[in-house]
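Shown below is the structure under consideration.
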Amino acid sequence: KTPKDVLVEVGEHGPNSLDPMAPAANELSQMVAWQIYDRLVTHGLKTLPDGKTVYDATKIKPELATSWNINADGTEMTFHLRKDATFHDGSPVTAEDVKWSFDRAVAAGGFPTVQMAAGSLTDPNMFTAVDKYTFKITLPKANKLTLPDLVVPVPNIVNKKLALEHATKDDPWALDWTRKNDAGGGPFEVTSWKPGNQIVFTRFDDWKSGDMPQMKRVVYREVGSAGTRRALLEKGDVDVSVGLPPKDYAEMAEAGKVKVIGTLMQNEMFYVDLNVTMKPFDNKKVRQALAYALPYDAIMSQALYNRAEPMYGADAAKGYAPKWPVASPYDTDLDKAKALLAEAGLSDGFKTDLYIDMSQTTVQEPMALLIKEQLAKLNIDVTIHKVPGSDWFAKMGSKSMPMDINYFYGWLDYPEYFYFWTYDGKNNAVFNTPNYNNPKLDALTEKARFLDGGPEYDKTISAMNAIVMEDVPRIPVAHLYSDIAMQPNVDGYVYWFHTNLDYRFITKH
Amino acid sequence: MPLLLTLLRRIGSAIPSVFGVILVTFVLARALPGDPAAYYAGASATPDSIAQIRSQLGLDQPLIVQFFGYLGQLAHGNLGQSTSSGQAVLSDLIERLPASIELTLTALMFALIVAIPLGIWAATRPGSWVDHLCRLLVTLGAAFPTFFTALTFVYIFYFQLDVAPEPLGRLSEIYYTMPPRVTGLLLIDTLLAGDPEAFRAAFAQLILPAISLGLFALAPIARVTRAAMLEALGSDYCRTARAMGLSRGRILFVIALRNAALPILNVLGMVFSFLLGANVLIEKVFAWPGIGAYAVNAVIASDYAAVQGFVLMMALLFIVLNLVVDLFASMADPRVRYDD
Amino acid sequence: MTDQTQSPQTALAPATPDRWAEFAHLLRGNKITFAAVLLLLLLVLLALIGPAIAPYGATTTDATASLEPPSAAHFFGTDALGRDVFSRVVIATRLDLAMAFGAVVLSFAVGLILGPIAGYFGGWADTVIGRFVDTLMAFPLFVLAMGIVAALGNSVGNIVLATAIINLPFYIRTARAEVNMRRDLTYVEAARMAGNSPWRILAVHIVPNILPAMVVQASLNLGWAILNAAGLSFIGLGVRPPTPEWGIMVSEGAGYIFSGEWWTFTFPGLALVLAVLCFNLLGDGLRDLLDPRSRT
Amino acid sequence: MTAPPLLTIDKLSLDFDTRSGTVKALEDIDLTLNKGEILGIVGESGSGKSVLSFAIMGLLDEAAKLRADKISFGGMALNAKSVAEMRGRELSMIFQSPRTALNPIRKVGKQIEDVLVRHAPLPRKAAKSAAIAALRQVRIPDPERRYNAYPFELSGGMCQRVMIAMALACDPTLLIADEPTTGLDVTTQAVVMDLIRDIAAERNMAVILITHDLALAGEYCDRVAVMHAGHIVEVAPAAQVAQNALRHPYARRLFAATPAASAELEDLAAIPGSLPDLRGTLPACRYMARCEIARPDCAQAPLPAHDISPSHLVRCRYCP
Amino acid sequence: MTPLLQATALRKLYPVKQGWSRAQLHAVDDVDLTLAPGECLGLVGESGCGKSTLARLIARLIAPSDGGIRFDGQEIAETDLRTFARSPERAQIQVVFQDPHESLNPGFTAMRIVSDHIRSLIPGLTPIQVTARAEAAFEDVGLPLSLARRYPHQLSGGQKARVGIARAIAVEPKLLILDEPTSALDVSVQAVILKLLGVLRAKRGISYIFVSHDLEVIRLICDRVAVMYLGKIVECAPTAQLFAHPAHPYTRALIAGSPDPARRGLKTERLQGSATSPINPDPNRCRFAGRCPLTAPECTAQMPQLRAVGPDQSAACHFAQSAPAKTES
């Protein structure tokens, strides 16, 4: 029903900023940045055996940079920029812009800086504009994550001149202006934005950094109710609907009227955290008991509608593959659970609290209820708390939840990246909700970071996996699909690590 | 000029409640769960960075200092910055207010157009089946949770019967061009722009949300209309009018209805308050880009500034509304003009 | 013509035995109110014995029978977790009624204290209480309730509290107006002449006589309280799952209507509608009984 | 007395259907009224004075069941249709509590105009001057200014004059005044009553004056009808009132209970008992239970009118 | 004989708003009044002239702005209302209110209305004594005890009036203030109540202040009459004297205005217009000036004071003539 060159997408939330660099910018600002900014490089695509198209993490492709050389010890990277590229306002893209953009990304603070640091990009002195079209990065030590880190929607190339016109003393990086305005040179321009309502992208016809997108216009609408988003799609009033409950994807996939594409997310896990510093979860036996108690199958079918792969019931004797995520050796076995609890002296059960994120209730609430029901059989009395989305990070950071349901995925597809964020006691990031601190694991993680593949690397990862499966500060449950539903005439969907739609490749027939 | 004086006095007497509203909102907003500092600090926060942001935002100061700071900001017309939309709260509200007003007014219109005749009809036949039926109907309308009605309507009229347009807010910008903003009310702006097609589309978008919202208002309006009409019709002056041989229509629609206007007007203020409250739910169902939906998100996201700004704007809106009601009331009834 | 034979003071009359007779008479004459009374009795009965007659537990999940349409085994079908919707609807009656009554009783009680004080003493007390009411009324009430629940946390107690707070202005206003109307009646003057203290006059001579008007207000408010709780549930600020509560069930069910599982949404919704309807009709009936102006 | 009477009522009865039974509000009312005559109707509260006037005016509600052998006015039969034609034009009425009887939110001048315009198509301008003339006629000082007044700005006496002006606007031949002075001060009452009497005389307009004050009726009326429980028990020339020459036991009692008619407190005599309940079966003489001279056959119908003189009728077999 | 009650220079002003400025409403203005034990004083005047206000001042239901009240040899105007309500004098002065319906608590039975009153005003009685007194009062007003258990709305107007009287006399007052006790009643009921009041007075020797706008009622029941006009007493005289020789033009107008069948067909001079406003009246102008048929220049230049115009008769009019006191009763 929608025009051929217009894509209409509906999602629950919209961006609160056009620039992910701005303070408190939400995740959808990265979606916007992906469309309106170019980066130096990007990934290539690959087609999976089942026909799905996904990005290829192993392949780096030119975007603004047509070519690049890296010196032998990997500490100097030189990028040669496209000479015909312009920003949306028509001004040419130069190495000065790139340098300024990188300076900005490492200096802005908050998430962008941390993300840059993952690629060892921490200091403006590392970046030099060699000449008008040559840009150089100097690293203290080679890092295999540096190049992939240039692909993520953080080191976006911003129109320096335009932005600086709006910079102030308090805001030297003009974040306040780029928050509300498009300063990019990417394939799409933001032509209208009503925060909380809709954002309209229009194709930038002078875009040079890739193949011209087919869509002339993309309208992203915020529709709060998932039911409505499903209805809109089924009625053909929108082209793409994202963020539906797994049940809807499962049913629509079954019905076949619309196209549902579910790709296993990379470097992702959906799990139940147990706070190892809080009683009784400071006792490994109790954690293992719970890992044996969870109603995995029910969760898979009734909360996740099988839009995920099970991450339980592996054969521990076989050892763990050197990858992430891997399945845990646990499976529902109440007898074992009871025995373990008895060993821990808790056969009479206990009371505990399970926290879930209110913005994730469609999946987490039924899951929590299933867990509550199941644990009641072990005399464990679970109280469910719904934490408002806004408070969720603070709550995680406070490490005060005895039990919570959570998930994490890494933009960079390396197991140690996941470990660094979620298990590392030294780093102890927000996502280490179990407050787990195991120096042995931390050392292995650090070691893996600077190994670039090879048997040693594989051994390290397998050892790390074994530790967390034995210790279970976190009970693996599932490996989720990144689901999306669209009209049958919409093609060109590509799964990206950031899980957002890439409008460049979308075609309609 | 008693009219003007009355208005001025009204405005004056509203000031304490505006202050009360500001205070209550401020306290309530601080009590919302969630730490804005942690929110700003984002996923990579450390206790230090959170503390730093907290002091940047002034959140480490005593509440009373924060409150006066807030008052000072208000005095400069600064309602702060919304965390969830990333915009200045004032511009968000101004952007979204017309949508809510248009929806609420249309709902009110619908309710008035249905409820007043029903109320009059019932009042002319008290105790008859008409009376009972009217009462049952409006009571039934008020018994449905608004979101239940709204969802049911969407399901039936959009999803099943396909007679209603998609519940995607106001005017679809994919097919229609937005008229230049004059009043912000699309029904008016489209006409001003001479775009009947867009008018039709904007109206079609309004029908379901307005009806599901308006159903709720039927009962109070019909009820006061009936009671006020019954009282007016049973009054001495209507008897006089009959004795003087005035026509039935004149007695019913001119004498009695005009006298009944005052209680009806007075209930409208309350109904409007109900409608704006229920708006919150309707806007969620219909993806209506109004301030109700904005408020829900703000409350759930602990978006202080947005919550405060929203409530303040509402309070001011009510004051204006009450003034309008007063104005109409004094037009409807000369006695009001002379009252204090 | 009737106004000559009926003194307007009937409104001031209390509920006395023959009023009950009149009420019974009115019920017989007004089938709708009669039906509402029957419905109320049914609801109260369900609230009392609901858990005993529900065929399944309120939170008993059954993975093998999720989202089953209504059948002989599950009258209202089952929800996503395989819980029996009928049982949940029946069991929820108690909580829903309790919340509504709780909120109403709370605001009734506070209103019955503040309203008469404002109405009788006037002056400062009236100004302060009046400002308080104005402030509350300047909020769109549902939004205020949202704010309170969000700020204090979504427990049953807080929902009741929020509902009570937003209804408070109506009780205070009603009580104030009713007291004001009687303050200068000569029977109050006679009581004053007899040396009664103002508090005793309020407690013994005035407040009992305003109860009927307050009861009407309360019964009209009951329905509103239920709707309010349901609305809070819809935006995620309702009672905590898995507690069965109509509003929660409707809002959970709302996610299933477009996929065709209408029963999870419809039945709790209808229960809600029925309860609200019942209270509203009762309120109307009571008003007819107590307020001769709208009586026919 | 050769001219035909203006109003003739024969055997008028009126029942109200109510939830608690049928109220026999009026029974066997016979009444004639001549042109220019002032007839007083007196009786206790609830005796049916008002419903009788409403019956004549056709202002009864649906619950009322009216039967009459004949009601004729100016030679025409009065029925629902014809009376609607005549209301405000031939027949007019004023009420007790003038303040509430006027539309509170319309200027009094406009209210008079409304009546004028309704009955005689007039241009608004002419209507305005006619309304001012009507106000002047009821001796309202400064009528041009009062034209713009709202009822709440006027005193009770003024309001009643406005009512009268309105009722007289179209020059009716019969004016029914239902307790027009109740609630007014004595001095104002006198002014208003003088006004009604004088205008009636000027225009040769007949008046039915309803009051519960026998003294008032005695002073201003030509004839007085005494009502009790839905019956007219006595119709007598008003002079008889002053002379305490009423015959019906109820009428005599009513006279004795009137302070103005009593010289001393001792002379004041209450009427025993109270009005009978008008629901259910009633004896032919509804005063029977309260009457000191009642005999058993008072319960038997028919109860013939006892003619004292052609102009003095008593509905009692045994009165002196 | 010392008077039972003596009011001197009583005044009640109500603050009112007039546009933007404040003004005083002179409800009762500089009123002197005496009442002998056992006497019945009538208070007449048109609506709004301050009869009720005066009655309520004397009954100590409201506080005077100025002036004194001596009751039974004691100055009572000074005591504040709350203290007075608890003093023994409270029971001595009782009020019967105008609207019999409004003056009874609709939630109380007749018995409770009366006994509650007794209990509050006469402390220290046992419940049995209270009931006994209440029953005696019911008997005095001729109300069958079977009605005592009824609620006000189950009683007729006359019966309610009797309950109101029973309440007042049950505490054995010396002074009964009756504020239009019969104006809401039918003539026949009024006759009953008036007779009852006459009997009670004879039996108990209570003094009455009887407020009414009906001169004829006053004539029947009162020994002396005070005529009020706009907050002032304009004439005071024994009843017979007042009717036979009214000295003040307003009194004459009142008498002439009372309907009387005997006056059939007579044309009488009527008062035109209505009273001027009681708000901030001109202190140098006769309140009646303007409506008065006698208005002369001095009437607008000087307020006439109440002065004796005959034995026992006083009037506030520059032109009041003395008349021989009537001997017949």
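List of remarks:
Note that the chains are named A, B, C, D and E in the order they appear, and that numbering of residues resets to 1 at the start of each chain.
As a convention for this text, a residue touches a chain if its C-beta (ideal position, glycine included) is under 8 Å from a C-beta of that chain, and two chains touch if they have at least 3 such contacts.
Values in this document were obtained by computation on a predicted structure and should not be read as measured data.
Think of each touching pair as a link: the shortest run of links from chain A to chain B has 1 of them.
Taking the mean of C-alpha positions as each chain's centre, the chain lying farthest from the centre of chain E is A.
Of the two interfaces, D-E and A-C, the higher number of touching C-beta pairs belongs to D-E. Centres computed as Cα averages put chain D at a distance of 32 Å from chain E.
For the pair chain A and chain C, the distance between mean C-alpha positions equals 47 Å. With centres set at the average Cα position, the gap from chain B to chain D is 53 Å. Centre-to-centre, using mean CA coordinates, chain A is 91 Å away from chain D.
Within chain C, residues 1, 150, 236, 254, 257-258 each touch two or more of the remaining chains. Shared interface positions of chain B, i.e. residues touching 2 or more other chains, are given as 33, 151, 155, 159, 236, 239, 284, 300, 302. Counting partner chains per residue, chain D has residues 59 touching two or more of them. Of all residues in chain E, those touching chain D in their complex are 46-47, 156, 186-192, 194-195, 198, 213-217, 219-221, 253-254, 256-264, 267-268, 270-274. Across the interface of their complex, chain B is touched by residues 2-3, 6, 8, 10, 15-17, 22-26, 109-111, 113-115, 179-180, 192, 194-198, 200, 219, 221-225, 227-228, 231-232, 234-235, 237-238, 358, 387-391, 393-394, 397, 429-431 of chain A. Of all the residues in chain C, the ones that touch chain E in their complex are 7, 9-10, 12-14, 16, 18, 185-187, 189-196, 205, 208-209. Those residues of chain C lying in contact with chain B across their complex are 1-3, 30, 32, 131-132, 134-135, 137-144, 146-148, 150-153, 223, 227, 230-231, 234-237, 247, 250-251, 254, 257-258, 262, 265, 269, 272-274, 276-277, 280-281, 284, 293-294, 296. If you check the complex, the residues on chain D that touch chain E are 44-45, 141, 155-158, 185-191, 193-194, 212-220, 238-239, 241-242, 253-254, 256-262, 264-265, 268-271, 274.
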